[in-house]
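Here come two complexes built around chain A, the first alongside chain B, the second alongside chain C.
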Partner chain A sequence: MGQAHLFPKVIDLRTLERKKAIWGFIFTMPAIIFFAIFSFYPMANAFWTSFFRKELLSLKAPRFVGLNNYLYLLRSESFWNSIKATAIFAFGTFVPMVLFSLSFAALILTRKRFQKFLQMAYYSPAVLSSVVAAAIWLLIFDPRGLSNQFLNFLFNTKGIDYRWLSNENMLRLATIIVYFWKYVGYFTIIFVAGMASIPKSIHEAATIDGANRWQDFWHITLPLIRPTTLLVSVMSMIQCLRTFSTQYLFVQGGAPIKPIDVITLSIYNTAIRDRQIGRASAMSVILFLIIMSFSYLQIRISKTENITY
Partner chain B sequence: MRWMTWFVMFWLAVIVCAAQIEITIWTHEDPNRTPLEERYIQEFQKMYPNVKITRVTYPSAKIREVVLTAFAARKGPDIFNMEIQDAYPYIVNERVAPVNLSVLGLKTFDELKSLYVEGALDAVTYQGKIYGLPLELTNWCIFINKKYFREVGLDPEKDYPKTWEEMVQISEKLVIREGQIIKRRGFDFRYPYYLTFLLPMVEQLGGALFSDDGKTAIVNDEAWLKVLRFMKDWGPNGRNLGSPTYTAARKEFNKDNNTVAMCLSGLYQIDRIKAENPNFYNSKEWMVVPFPVFKDAVKDVRCNYYGHYYMVNAESSKEKQEWAWRFINYILSHPEDYLLNVGLIQPKRSLIESDTFKNYPYAKVFLQDMERAHIVPLHPKGPQFEQLIKEAVESVMLTTTTPEEALRILKKKANELLKEE
Partner chain C sequence: MRQSVFLDIFIWFFLIVFAVFILVPILFMFTASLMSSKNIMRIPYPWISGEFRWQNYWQAIKGNDGKFFYLKSIWNSFLVASLTTIGTVLLCSLTGYGLAKYRFKGRTFVLLMILSTMMIPFEAIMIPLYLIVTNMGMQDTYAGLIVPLLMNAFGIFMMRQYLLTFPDELIDAARIDGTSEFGIYWKIVLPNSLPAIATLAILTFRSQWDNLLWPLLIIQSPEKKTIPLYIIQFATEKYTNEGAMMAAAAIASIPMFILFFTLTKYFLSGAELFAARKD
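Right, the complex of A and B next:
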């Protein structure tokens, strides 16, 4: 009798699970379709196109060239310059971005007042469109702009042109500053959320055990926010490798292209200016592989168990 | 009965809408041209109520990528215009339709050519057919702010720069610097249009972009080197007279705000001064002089001219193509309006020979320069060649690259590009 009573319940649960799964699938379908159309299809298409020689304006059928586009790129001086420009920009931005966003988050959480205001203030540049941000900074870096005036005031000099847009290293630094300014607040907020999720009792226990603030941060906060640090480092690295609008606008504004010819800008010029969509697709595939490998490497290095409280 | 009336009216509306032909035109922004062409659209739509014209404008720097991506997706506009060096690949790739002669009431392409000044349609002539009608042919001359000349003791009417060497000397007198920062430029070039203004400088010294047989790029090292050295000397690594990183000189010129004394621009600049700064325009404190030549020039070549031609999408339906040419013909049948309101020269014989043109301020200066100039080089890879020259010039002006090294790289890349399939 007891068993007979139990079976319908098991069947009920199975039906319920199946129903839930079906509804879950139905609810995620729009996202899957959206991803398939707008992300997966273009990715697959770019991969396919990278094996063809295709002139963007030509109505002739694209010609299959196998790996020729990739071989051309590996031999191309300009492509290696793009790899170098991307590497300099990515590491020059990524390292300070992670360190400063972590520090800013810690700083915000130690404030008793104005926490919300500081979060908003740090986050606000992220709301601006990248094009607008680059355009504003272009005015600031103009030889007659605020950046030269500020440095001349700071170093008590007169009329020194620090050549933000013309000296190779200064130009690289200028693009790094724009990107850092725009995204540091965004990652700060992610760190704030990560740090705020650590139960207060753990910090209190550490304080009772005699830990000072620095020890608390180093031995409690930092290990417990490792998943957040991983997220921020992967996200910021991907962001840095995909940078485009700052470099594009700076070049439009008269800056020399070579020091800041990042891969994305090179892809754009190959496709739009040179009309070589096959070659541009090959560059996109290479960039995709670079991003994938860095993300994989970061995840492997920071591999950690789930943290539960 | 009432229901029936509504039913009939509804279907009538559907039929009328279905019969309406919609023509889309994409063109570059020009604040003075917009009201004029909007008026022509109204007039045309009144004459032909079954035609609806939609005019969309894009910034000059943006239009080439917008049109290219649209054509790549086979969704191009019915009518468009771009600088001819950017539009030329559309002709070569058969993406635009030849001019519909019957719509224009003509029988042959030669008859069409005879309406325009010699060579005006050469850029759009391909395999015996003509693929566009000119909205404008533009060359650049030097605009001068007379006030600043007098301020440094120069007589603008006599002392204006005739050679590039004089341009350097006069700019040195006019420039105002605070330390290394330029507060007022004497003159500055029109970066990054190197095929338009820099190539003639090279040609003046005997150089060329392509050899006569078209098999070699960057001809005559000495000429190229001299121009690269000149540009290095001009930039912040040399005499510090100007740089691509400053705001475009032609934009600053109109403001008359003591930031630039001379700039390089087309006849249309006059109407832009008039629109943006009427006080400066009316003060008559500006003038236009010819494009300079080097002292030891071997060829008297002036600034290259370029053209904007209205073209029709070859993939639009035959009916749309016919209406598109009819509309283009209508708007271009007012060359005097374009000259007087926008400062654009449509190279029609009727305009060039008219008193309106002859009496237009400085039209003679531009015309005389144009007679000693040629159109920007047209090549399917033209924009890539321009980019390579940009890299070379800006590397010597803004980085530590020597002119010799920049020329070596330019020659290597340009010849590789030329040999590429």
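Right, the complex of A and C next:
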């Protein structure tokens, strides 16, 4: 009798498992379809189109041109200019961003009072939309704006125009400042979270052993937040490579495009203004490969850098 | 002891100087939004001018052509960002739940496939996406703005990580009570994962509110523009003065600041999540 009872139950469990497997599949189905249509297909399409001469809104059939789009880009001065503009912007932004956010996180955590206030203050520009941020700074960089007033005050000069929006290097610096200003607080918060997760006992042990604050930071905090530091570096680097809004609004506001013609802006203009979809696709593929190599680095880092306390 | 006090003052000095650098542009936006161009361009900048030019705000709202397109664009941004947020939260949590609590063939593959899309930057696929959306007839529509951004790998991953620790007892108890599998998700899982949902919702809402590139490609009609598009157009119009431009910027920022001050925790946890991803 006991067996007769057990038997149907076993089958029941198995059908339950099967039923659950089907439901699990149903629940993930929308995501599979979504990413197939809106991520994988477009990426494959970009690769494919990069081998064709194709024009936006043109009735002409796309013509296969092999690697010609890539060869064209390699010889094109404006493409190298945008690679240069992107590289200057990305390195010029990400190095100070990582250094400052790291140091200010450490400084904030030494404070007993106003910790929360400082974190919120530093974070606040990240709340603004990037177009708003660019619009504010466009006025600050005006010849009569705050930036010139500040530099004149700093160098004790009078009425010198530092040509923030017309001089090539100053314009690059201007876009870097906007981006740095907007995101430095965001990364500071990440570092604060990383540092706060180090157990207090480790710091206490170091203090008992006679370490001062500087030694504690250098020999305890810094090595222990290495994974955070590396991830922040890669992530901010990728973000910088994808910058668009600041440069777009500055150009719309009358700044010369050449020094800040970053690759995303260049893709946009090639596709929409020049209608060269094939060429824009080749640029997209190159951007993808650059960012992908950084993402790969990020995965490698997060896999190897495990710290247990 | 004296050295320590000296160091303390030094640290405060740096922290405050940096806070000033961060806050000055925001203060500039709010003060300039109430001034005439003459005052804004005065050297030195009059921080406390005593001027309250509310007509800057009126001009920003009314627009140079008097058609009140800014109000429309604020509504558009709210609509697009809210719908995207609702869709993202539901779809990402459903997928995350499926991946966290159900065993099926190919589950690991699906997870890896979803995660791999994190490596595809939006900027690299925007042109093909633009063509797809055009072919689907969603050019210049809200759907075109919303649909391609309805799901993201990070949201799914975040929900999955959160739901991995969701108590199985709750789910099994509901199952024994005869609740359907979808019912379990809807009545048990969803209401019990509000912290993760709030964080994801804020991330999504902000990124849509902030989005410039995608609306720039998709939207042409002036009455369908979102806030970033409107501000760019307004800022580059000939009759826009500096004060009105800052008023438009302030109007766009106020809702986000209100959200930030009321939901600070979830804003900051969005950033912290990233640091916590140590495993």
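In the analysis below, the second predicted complex is superposed on the first by the 260 of 309 C-alpha atoms of A that agree within 3 Å, B and C clash if a C-alpha of one lies under 4 Å from a C-alpha of the other, contacts with A are read in each partner's own complex, and residues count from 1 in each chain.
Throughout what follows, contacts are C-beta pairs under 8 Å (C-beta built on N, C-alpha and C of every residue); 3 or more make two chains touch, one makes a residue touch a chain.
Note that this is a predicted model, so its numbers are computed, not measured.
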Inquiry  = Quick one: is A:Q252 in contact with chain B, with chain C, with both, or with neither? Answer first, second, both or neither.
reply    = both
Inquiry  = According to the stated criteria, A:M170 is in contact with first (chain B), second (chain C), both, or neither; which is it?
reply    = neither
Inquiry  = So in the superposed three-chain picture, is A:A280 touching just chain B, just chain C, both, or none of them (first/second/both/neither)?
reply    = second
Task = Answer with first, second, both or neither: which of chain B and chain C does A:L230 touch in the superposed model?
result = neither
Task = Tell me which partner A:Y186 touches in the superposition: chain B (first), chain C (second), both or neither.
result = second
Inquiry  = Let me test your reading of the model: by the given contact rule, A:I272 touches which partner, first (chain B), second (chain C), both or neither?
reply    = both
Ask   = Is chain A touched at more residues by chain B or by chain C?
value = C
Message = Per the contact definition in the header, classify A:L146: touching chain B only (first), chain C only (second), both, or neither.
response = second
Message = Per the contact definition in the header, classify A:V132: touching chain B only (first), chain C only (second), both, or neither.
response = second
Task = In the overlay, answer first, second, both or neither for which of chain B and chain C A:I160 touches.
result = first
Key: Overlap of the chain B and chain C footprints on chain A, listed as residue numbers   = 142, 144, 159, 252-253, 272, 277
Ask   = For the complex, which residues does chain C have touching chain A?
value = 7, 11-12, 14-15, 18-19, 21-26, 28-29, 32, 40-41, 43-45, 91, 94-95, 97-99, 101-105, 107, 110, 113-114, 117-132, 147-148, 150-151, 153, 156, 181-182, 185, 206, 209-210, 212-213, 216-217, 227-228, 231-232, 235-236, 242, 245-246, 248-249, 252-253, 256-257, 259-260, 264, 267-268, 271-272, 274-279
Inquiry  = Which stretch or stretches of chain A touch chain C in the complex?
reply    = 17, 19-28, 30-32, 34-35, 37-43, 45-46, 49, 100, 104, 107-108, 110-111, 118-125, 127-133, 135-140, 142, 144-146, 149, 159, 181, 184-187, 189-191, 193-194, 197, 213, 227-228, 231, 235, 238, 241-242, 244-245, 248-249, 252-253, 264, 267-268, 271-272, 277, 280-281, 284-285, 287-288, 291-292, 295-296, 302, 306-307
Remark   = chain A partner, complex, touching residues on chain B are 61, 64-65, 68-69, 71-72, 89-90, 93-95, 177-183, 191-192, 236, 243-247, 381, 383-384, 387, 390-391, 394-395, 397-399, 421
Request  = Could you please specify the touching residues of chain A with respect to chain B in the complex?
outcome  = 53, 55-59, 142-144, 148, 157-161, 163, 165-168, 252-259, 269, 272-275, 277
